[in-house]
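What follows are several structures.
In the two complexes below, subunit A is the common chain; its partner is subunit B in one and subunit C in the other.
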Partner chain A sequence: MELRKNYFADVRKDDLHEIGQPRPRSDSPGHVTGKTAFFADRSFPGMLHLKMVRSPHHHARIRSIDTSEAEKHPGVVKVLTAKDVPHNVYTILILIQIGPEDETVLADGKVRWKGEAVVAVLAETERAAQEAAAKIKIDYEVLPAVFDMEEALKPGAPLVNEYHGQNYYLYDSGECRKVRFGDVEAGFAGADHILEQSYQSSPIEHAPTETTGCVVAPEGNDRFTCYTNTQAMFFTLDNTSIILQMPGSKLHFVGGTVGGGFGGKVDVIVEPIAILGAKLTGRPVSFVYSREEEMQISSPRAAEKVVIKDGVMKDGRIVARKVTGYTDAGAYSRHSPYGAQKGAGHYPGPYTIPNVWIDTYCVYTNRTPSSAMRGFGVTIGDFALEVQMDKLARLIGMDPLEFRFINAYRDGDMKAHRQPTEGAALIECMQEASRTANWPVAEKFMAMSSYRKGA
Partner chain B sequence: MAKIPVQFTLNGSEKAEFIDSGTTLLNALRDKIGDTSPKGGCHQGTCGACSVIIDGELRLSCLTLAETCNGAAITTTSGLAEGGVLHPLQRAFLDTFATQCGFCTPGMIMAAKVLLEHTPNPSRDEVVEALSGNICRCTGYEPIIQAVLAAARANSQNAA
Partner chain C sequence: MAIRRGRGVAAINYPTGMNLGGDPTQALVHSTPTGNFMVTLSSVDLGQGMKQIMAQICAETIGVPTDRVVVDTADTDTGPHCMGTFASRGTHRAGNAVIQAAREARQVMLEVAAEELEVNASDLETDGQGNILVKGAPQKSISIFDVALSAHFKRGRSISGRGMFLIPRSYPDKETGAMKPSTCYAHACTVAEVEVDDETGEVTVLTVKNVFEIGRALNPKMVEQQLVGGSWMGISHALYETTEPYYPNRDHGGTDFNQYLMPGPGDLAQTEIIVLERPSADGPYGAKGPGEMCANPQIPAVANAVFDAVGVRIDTLPITPERILRALKAQAAN
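Our next item is the complex of A and B:
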């Protein structure tokens, strides 16, 4: 590893003892010997297997559910429906007061996406659970569905989620998150060029090698130990406590060992229903997603649409930027209202622009609920912004890297969301990139600094 | 359902179990015998996390029926360290930071072990080819390739 100490040398206390030194990872010896205990490496005598019956429709009313044949299937111990879940309607971020509760643990009267959990079957073997699940009879009345965000926002679109009452998340700022800085229309009026482009992305599945799941063991004293690969232990514990109406002291969560997460394991999906199964049967319960479920059921990164309108001067300065962002939450909120909000703060990018207008919408559609994934709310926005930067540079005939130096934010600059820039390092990163990639820029840019005035 | 007897050696020790017909070797190893070092990532032969060595050949234990392994010699990653001393591949994976989440690691080590047995001094391309059936979704392939090359160098130095 190489540390470039020439950057920030005059402002850094150069007393680094750990950074730059290779240190052994504490978890590696377990990984290379196969001794690391992932959740599925635990098994208990008498352990039941949980399989989920899922909606084959994108949007449908449930007229009736008949579990009688499944209950008679050899090896079946328990069949769970919505009425068995003490607090069936929840939302993960209620813990930080981001409501309303809008998602069912098991569907109650309606399904809003293809793959939604409706009935849970607990059996002695995985195979028995699977076979019994196939015997559950659900009578659906199929409803019109909407899959496109702009269609969903039109008047008369099918209502996806009644708990919201409209197909967007209602922020305290209204139908979208808003950032207003300077006078964007005046900025456009004075610009030499205007460029408006729209960018779109599809949902992206994390596809961790270890699928989502948990193993729950009743401790015999009305306490339950849940071995899980969640990336959000306390979110999961607290939400489980709400859903099962049990004090957190009855729940012991063991985890932190995750066979690949990338944000895909921060939702609270498998644990509450598995713990409920263990509570109602008194038996250990294993609920592990199949590979198919991991790909089709687990939350992906949201599909996004980003419309960017920029006003730019011939000398390279961006003088106005207007962004409208749409985040496809799918049928339920999960972490998407937060992701869309994060986008609003991020959209000007690491550039100082005097006039900025941003609206970001969190939209509900009948698609698989989306949620966290590496930099969600920001990553797709960055893709759009940087493609836009290249297009702007081409429009005014400027080198794309030099164009970024001209607009790069620097310490002391006010960002559009009213946080002064501190600790910026974009210019230094670009200088190093210029050298490494052998993409030369004018000497004045190589002499710039993120923090030295006048440089 | 009538059970089927199956007997094989696992990392040098005799194992005998009664299993249901159709049980995969992966499930037999993990659920019956208690060796959880092979991992179930896809249960359909695409991820390589369940890789084991059967009679010297690299095999996907999720696609291998346990009942076909009678009399076989099976090696898993949990059996590589001898007397608490790590196998050169395990040492190399540690030293080159070739693990991230660790879920693919046992399968990677199995694939690498079979490669080095057949090709003690592989080229980089041969290492890439040998690991091509093993998915690392943390995408830490480069340190894994370096680990295998380092283990090959360590082996040839020891042999010299």
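Our next item is the complex of A and C:
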């Protein structure tokens, strides 16, 4: 790595004592010698292990659940179903008034994706819990499922989630989050070329070294300490308080040392049910995802579809951009309504375009609920935008890097969501890329600056 | 049939933080009797080095070496509120809170030192080595060790501070979408060079040259670890990873690292990282949040390089050998 200090030297102080210094990390020796304590290093006498019984169907009605054989299995201490969860229907963003509550801690009457949690088994050993889980008998009536976002949005598609009533998230702006800037149709009408292209991604796993989990210990004073690898301590505590209808003062969360998150540990999944298990048994409880659960049960990055329509001039100016984004939330919201909205705030990318139209949809399907992941709402959009930029440049016979200079945003430029650009540095990144990669561009582009005089 | 070479470019920006529900983080700082400083948070270190960076920010602000600062996180009984570590917000939000808390603690520390030295607190400065000096007369000084002892046992002062950083909630306008979705933006431009085997569809990423603008490299070694890791993840997203290889079909999902494809060490490109620093107006010492954006530009850069190499567009991720071969077959048929 190299720091190029010649850029922006006029606005930067480089004479600090500790900032800018490559100090060794104080936690590195512990990490590399195996001495750092993670949540799973906590073990308590009498600790129970929790295993989930999961739906084998993508969409089904639950006719009946028979736990009697499992309860007799040696080592089993407690079996939990929906009726044991005080506030079973929840949604994590309710903390900031983003509803409706649309997901069950343990399935109640219906499952909406293959892998959904239905019954929790608590036993003396992991093996006993696993064996007992296999003895739970659930009678399902399989229902038609929908996996494709376009199919899900068609009239007459199977309804994924009754709490929404339709297969998309209803924003205050309607069926999608909207951004309207300038007159996009007039922009297309005046353009030399129009290019409309569609881009698609598939779900992606966070693949942290340490799988999602927690260990809960009752403190004997009606308080519960939860050792967890959540990425958000109070967010998890406050949601747990709602789900368990337990005052926050009874909950003590300890964490902060996590073996990789990448956004995969901001859903509140393992903690409430583990704390409930500890409360109902009076024993410590461990609930840790297997690698299979981490890969197929925990929320992945959403699959997205992005349709971009651009109007471009022969001289390289993009005069109109329309983006329609679809985020596949799976069966439940989790963070997806926000992810789709974040995309609306990100398009049309770091370019100054006078006419912009954005619609972003959060769509429900019968698959593993997706949620936040590194680059949430942006990563797949950037893939689509930057491949589109390459296609546009080639369409008008222009060098792809020079084409980006022509459209790059600079200080003071108004963005489509009506914030003025501040602290821009796209042009300087491209200038340095031109030098480093030996990708020459015209001198006038190398003389450009993100600064504007008087801005 | 041949190995064909191509290169592609992509340029991006990325927002720091989120606006959804308001974006707050708090911090507390206090000194021990011998002049070490504790930073108390509930922020989560995901392995990226949050604790180390908060220690350096606190040390810079108070004016002591970093090894005099200990970060205690994350215990909800003791640590003040943090929204969490996501949305590239950790360093920016918690860093600002730590600066505010450390400034308040520094002010008390200078007041106690002023009493000991019988000067005005405004005439004092720190040397960054653990001493407080009179400006213009550095021979007149006192160690922070002695100041802390005095505060605890003689003057009855608490060298401590409270920090709070809040970005208020922004509600998008229903009709126009006018909103303030985040604060400062980080930037990147990546050039990727690939080889594509047009017989097997296999892509080899030869080089990835990344230029990242991140506001301020608070700790350049830690910046490097995060940016290199992100660059690898971008290549992995471009060419390998998915839990549902035939999406929207639910079948064939990997359940372990034998089935879920990711690049191994031998598949990683020669990676170059160049960092530019345009300090942000609202960041801690100008820092922006580069944690997420550093994994984004490689994906389109690789996609564009594949097109440059073999003349087919793969607009569906990941860009697998199967997709390339099918596209080449379709191209030949036309």
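As a working rule, the second predicted complex is superposed on the first by the 439 of 455 C-alpha atoms of A that agree within 3 Å, B and C clash if a C-alpha of one lies under 4 Å from a C-alpha of the other, contacts with A are read in each partner's own complex, and residues count from 1 in each chain.
Convention: a contact is a pair of C-beta atoms (placed from the backbone, for glycine too) under 8 Å apart; a residue touches a chain by one contact, two chains touch by 3 or more.
Bear in mind the structure is a predicted one, so any value in this text is a computation, not a measurement.
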First (subunit B), second (subunit C), both or neither touched by A:Asp27: both
Touching partner for A:Phe38 - first (subunit B), second (subunit C), both, neither: first
Contact breadth on subunit A, by residue count: subunit C or subunit B: C
First (subunit B), second (subunit C), both or neither touched by A:Gly259: both
First, second, both or neither for A:Arg291, with subunit B first and subunit C second: both
Touching partner for A:Thr211 - first (subunit B), second (subunit C), both, neither: first
Residues of subunit A that lie at the interface with subunit B and also at the interface with subunit C: 22, 24-25, 27, 31, 207, 209, 257-262, 291
Residue numbers on subunit C that touch subunit A, as the complex places them: 7-15, 18-22, 41-47, 49, 51-52, 55-57, 59-60, 63, 65-67, 73-77, 79, 81-87, 128, 169, 172, 174-182, 184-185, 187-191, 209, 211-213, 215-224, 227-228, 230, 233, 237, 241-245, 247-250, 253-257, 260, 262, 272-281, 285-286, 288, 291-293, 295-297, 299-301, 303-304, 307, 313, 315-318
Partner subunit B, residues of subunit A touching it in the complex: 22, 24-25, 27-38, 40-41, 43, 206-211, 257-262, 290-291
For the subunit B and subunit A complex, residues of the former touching the latter: 30-31, 35-44, 46-47, 49, 76-78, 80-81, 86, 89-90, 93-94, 97, 99, 101-106, 109, 135-138
